[in-house]
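I'd like to ask some things about the structure below.
So that you can tell them apart, the chains are marked A, B, C and D in the order they are listed, and the count of residues begins at 1 in each.
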Amino acid sequence: MTIPVRLRVNNAPRQHDIEPRVLLVHYLRDVCGLTGTHVGCETGICGACTVLVDGKAVKSCTVFAVQADGSEITTIEGLAANGVMHPVQQGFWECHGLQCGYCTPGMIMAAVHLLTKQKAPTRGQIASGLRGNLCRCTGYTHIIDAVSYAASHATEAAHV
Amino acid sequence: MYPANFDYVRPSSVDEAVALLQKHGDDAKVLAGGHSLIPAMKLRLAQPHVVIDIGRIATLSYIREAGGTIAIGATTTHSEVETSKLLREKCPLLSETASHIGDLQVRNKGTIGGSLVHADPASDYPAPILALEAEIDLVGPRGKRTVRADQFFVDLLQTAIAADEILTEVRVPVTSPSVAYIKTEQKASGFALAGVAVVASPSGVRVGVTGVAPKAYRATAVEQTIGNQRTAHAIELAAAHAADGVEPLGDIHASAQFRAHLARVNTRRALERALSR
Amino acid sequence: MSDATPYIGRAMKRVEDPRLIQGLGTYTDDLRLAGLLHACILRSPHAHARIRRIETSAAKAIPGVVAVFTGADVNDSCGAVPCAAAIPDLKAPRHTVLAGDRVYFVGHAVAVAVATDPYIACDAIDEIEVDYDPLPAVVNAMEALKSGSALTHPDMGANVAFTHVVNGGSDIDAAFRNADRIIKHRLYHQRLTPMPIEPRAVVASYHRGEGTLTLWTSTQIPHLLRTLLPNMLGIPETKLRIVAPEVGGGFGAKLNVYAEEALCAHLAMRLSAPVKWVESRRENAASTIHGRDQIGDYEVAVKNDGRILGLKATSVADLGAYLQLLTPAVPTLTGLVLTGCYKIPAIRFEVVGVYTNKMATDAYRGAGRPEATYLIERLMDVVANELKIDRLDLRLKHFPAPGDFPFATSCGVTYDSGNYQGTLAKAKQLADWDALMADRKAARAAGKLFGVGVSTYVEICAMGPSKAMPAGGWEWGCVRMEISAKVTVITGVTPHGQGQETSFAQIVADRLGVPIEDVAVLKGDTNVAHYGRDTYGSRGTAVGGTAIVMSVDKVIKKAKTLAAHLFETLDDYVVFENGKFKAPGITAREIAWSELAAEAYLAKNLPAGFEPGLEASSFFEPENFTFPFGTHICAVEVDRDTGEVAITKYVAVDDCGNQINPLLVEGQVQGGIAHAIGQALFEQTIYDENGQLLTGEFMDYAIPRATDIPEYTLGSTVTPSPVNPLGVKGVGEAGTIGATPAIANAVIDALTPLGVVHLDLPMTPERIWRAMQTRTVATV
Amino acid sequence: MWPPRVRKVKLTVSHSVPADRQRVFDALGDPAILRRCIPGCESLTATAPDAYEATLKIGVPGIKGVYAGIAAISDKHPPESLTLSFEGKGGPGFVRGSAAIVLSPGEAATRVGCEADVQVGGLIAAVGSRLIEATARKLAGDFFNQLSKEMSATT
């Protein structure tokens, strides 16, 4: 059994017939070829697979692709606009917010959504907001620096 | 890991969903946000043959006030509950509890109906649902029935919902701000080792406890002991009864004894906080 | 670079990052090859069982399933998983890639299904039926030593793998005879799961025409794999290419040769199709190495004035069911830094390695040194407590003086350089020690459980001299000034997050006087980086960086010869400064790299006997390890009701020698401390009494989250290492090693008013709560 | 204590069944009654005296595992005690264990005390540890409730 799915990924329309059991993360990685979204666990804890669905951060390993039918998806590959990195991406670069980089795309996507909810979060609020994303390299301090940096450098520019 | 194959149906109304449930019976599973079901399916602990996705039934997602109660549609997400202005003003306990569920991403996708029907003994909602004496609407082939919170949670992962019914609405009363939810979480998963919800009014308090026993419960011994006393001493004495009459769960994260202890500590703290508000 | 500020020492942002923050990095699972097949592995649910029968026909019948193999199908044609550790009289079971007629731990690979799609491969293993006959499992290493214990491997006749004894320094028996007191203590170093966020992944592709096999794998050690896999696969090293693409964290977990790597290679050859296997988190928790798991009984011989005369350590190391690459070597490393920062004249160290029906332990961040540091730092507090001596005074009393370096310890190693007094003084200053003590007094007076812990540590890095390493401890590096005057650097280390694409570029750009943007660092592919011993043991910069420095210097020397030729003078008159060759007093002409490189490659005008090109490679053999050190101070408050620990202050002063990029150093320290917070407060791998793994997911194994991390005050001192020209020591493991005892000591200090003198790791709320109950009751 | 002492699931349950000891004892050895009382039991056949083969579908709605198992009764001391050992395996893992069952007379009822020692392995042990004990307790409760109904129905 396959099901037709139509959605937009990083502003491009996509249409495929897929098995309902295909998880959104596998759809993005294997069908759309967008491998920037990673998989780190099976239980929805690690957050490496975080993408934006209609502007909200969700764990794409815990969503069937068919559930996202009709949605607008943004993955890490679609975050930079016109070749300019998003302030959160800039922040991660400036503040050494990553080491191995595996958790980073999910971490960035969660932070992007967090900053749409809280424009000037405290360090504690950033930490709470990123509870759903595990990092084993950085010890998080530089990640919180990065998100603070993004909050203070976010311009009115057309980012999310 | 990868889920086993299944057939997917996406009804557009509750009646249609109920008809599908009737047709497929035990082979079917209802999908709302999917945050309890999909992890179980990925580990192949759950292998339903048919998944009925009620996530697109527009009439199931709302938060609205009607006649002194607030009605919340089943597919309303935790994040919508957390940030609802109406709930924050008129039933802040539910918003406060929602803010403790999982994480940002989980709250964006998980739903109140899905969480209640799954009835994980350590999920957060059952505590306030009990303390608020919420009402829960279930719709099935025989029509709609309303179940009181204290009748809803039957046993471990088991509720009053029948196999062919769908939870459609939760109704909570308008309360004063004298409420609180205090939770100690399991370090790895974020589930409650002991979560205590308190609703206080001049006439008395109601206490709901989750995470401690195979199902969430009303700590009636606490409620009766404290009555309408409000002193620190009374709180202390009452909270000591938070695990009376229950057989606490024990696992690698907390022994039964420690869970019971946390229930008492968090009850005391929740009472203190609720009464200070 | 002509501007005077050197790159070395600057907190520069990383070259690696733009690709990684835009989702453009290629991790192993991101590879897409035509005709790729997907493997899924069926694993044992039993800790110990005999396999009576395996039925695979239903699995094979599923459309899309290409093959299903069991141990009987592959173990004869695929060699055994190797252990590189050389321990005398080591008894080792044969470690086949799939289980033979028995399984020895939960997660032991039993069968593999290969299909056109990973979902189908997963369907297939569900249809494999295995008939197990469960056998008694050995789960507790101490009990495994008792006579009459069940046997992990019944055919081996005993559970002991080896006994390793070191007597060092002066006469240990005399030390204990002369002691005023002997203080004994037992400590547990709990089992930990490394949990890199990227689970392991392997893609193998066999080119039948060339007879070459390419293996992409999420590993720290592509070069060691290229050395070790030929024996398993029956193809020569020369036909084997190992690539470690982006690797999503290792922490020692990927410093190994795993059965799945050989298995995928074997399947690719056997099926003539590329094969991918990606580990699930659950498999990662069960079937990727674990760390620590030692139990130690320690005895300290002391004089009443606090002088420590000797230290005896007797420990039991739980090895798990099999020896992975370095399994038995890890606990022996503990013996090398048993005495920590202290002058302790006599030691005796004995470790017994024991087999149990669990996953193998091996190197996890720190590997052997966290055990040593935890035990000596706990013991220093215990001794100070018993003798009523100030814990800092006790430590200071036993530090070697800065002038004592190189300092030979009774453990048989020579610390390269150090100033332990310096880091302690600086940490005290950053922590505002006197104020902190006043805070503690005030907090205690207010009935709070407030504690302060200190750890002064030294560790072993820059591994290492080849005579001390199982597979060569040298490193290789190559530097090529290209015809375009861009610089290609190739390193034999395999960074996977450490940032050496940046720090090596800093080193090379400085030395060559070129803009850092012109330097590209290549790594991780054995067809590109021909030689190497890879990344582990905080060796990348100290050993790998030195091989690069040596190569740069060779390139410059060669370039000088060419420049002298162009200046029509002798080499000795040529000066190289800021990226330009000059011959002061001979000519005013300057030659830049662009001109010189073109001359070197176009080769129209070379000196006689001068080889074209500007490339050099070097092997660096370190004469010694390096010994970074530091002081960590931690303050905690314990919740009296719930036993929860809040870290209220954390000060770390680390000395890793010269710092190439302080931003990266800071990142390593912070990341390392996070691992220590986990180990000290909540991480633990738990098997039940039947050998069932109960921490098989992130749902049950907690690693630190952002909300668990305190605000740090980080400082450093710089005591360059004399054993390499960069003067660097290494910093990858320091945080983990130094912080665990600081936190543990702080929690125990907080509970001291209740009469608690010790608690085991991890100091979970329940463990603390129980300690509070018993002690409070006992003293009331 | 390291390693942490994690007990296999030990279950102590005690139920009052409205029938005399001999009847309860007999019921515990009656395949037809057992089939009706064991939660999720889809088939149960005697393969030898006091030995059974069974198929059980247990779990919670939607998260059910089908277990194929064998059970045997030993140490029979009618009408006082018996030991039940069981072993089952299915997709999500395996369950093994034994239960010492003691019947003591009460007023118009028999008190059935059961001390079970259950080992659980595989996926359910790895991911469901937090729920195992509670599930086992619930299953035992369901069994005795059903048995009580059987006994009172046929009284």
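Just so it is clear, a residue touches a chain if its C-beta (ideal position, glycine included) is under 8 Å from a C-beta of that chain, and two chains touch if they have at least 3 such contacts.
Just so we're clear, the structure is a prediction, and the values are computed from it rather than from any experiment.
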Query raised in the report: What is the chain whose Cα centre is as far as it gets from that of chain A?
Result: D
Query raised in the report: Which chain has its C-alpha centre closest to the mean of all protein C-alpha atoms shown?
Result: C
Query raised in the report: In whole angstrom, what separates the CA-based centres of chain B and chain D?
Result: 31
Query raised in the report: Counting in whole Å, what is the centre-to-centre distance of chain A and chain D, each centre being its mean C-alpha position?
Result: 48
**Report entry** Gap in Å, rounded to a whole number, between the CA centres of chain C and chain B
**Finding:** 43
Requested in this report: Among the residues of chain D, pick out those that touch two or more other chains and give their numbers.
Outcome: 4, 6, 91, 123, 127, 129-130
**Report entry** Two or more partner chains touched - positions in chain B
**Finding:** 1-5, 43-44, 188-189, 252-253
Report summary line: Multi-chain touching residues of chain C, meaning two or more other chains, are 119, 126, 280, 282, 686, 694, 697-700
Requested in this report: Go through the chains and record each pair that touches.
Outcome: A-B, A-C, B-C, B-D, C-D
Query raised in the report: Where on chain D is chain B touching in the complex?
Result: 4, 6, 59-63, 65, 91-92, 123-124, 127-131, 133-135, 137-138
Requested in this report: Please name which positions on chain B make contact with chain D in the complex.
Outcome: 26, 29, 37, 40, 43-48, 121-122, 155-158, 163, 186, 191, 214, 247, 249-253
Requested in this report: Please name which positions on chain B make contact with chain A in the complex.
Outcome: 1-8, 10, 31, 34-35, 38-39, 41-43, 51, 53, 55, 79, 102-106, 108-109, 188-190
Report task. Please give the residue numbers of chain C that touch chain D in the complex, ascending. Result -> 45-47, 106, 126, 134, 139-140, 188, 190-191, 282, 285-286, 295, 318, 684, 686-690, 692-694, 696-697, 699-700, 760
Query - chain B-touching residues of chain A, taken from the complex the two chains share - result: 1, 3, 19-21, 23, 26, 42-45, 47, 50, 56-59, 61-64, 66-67, 110, 113-114, 129-133
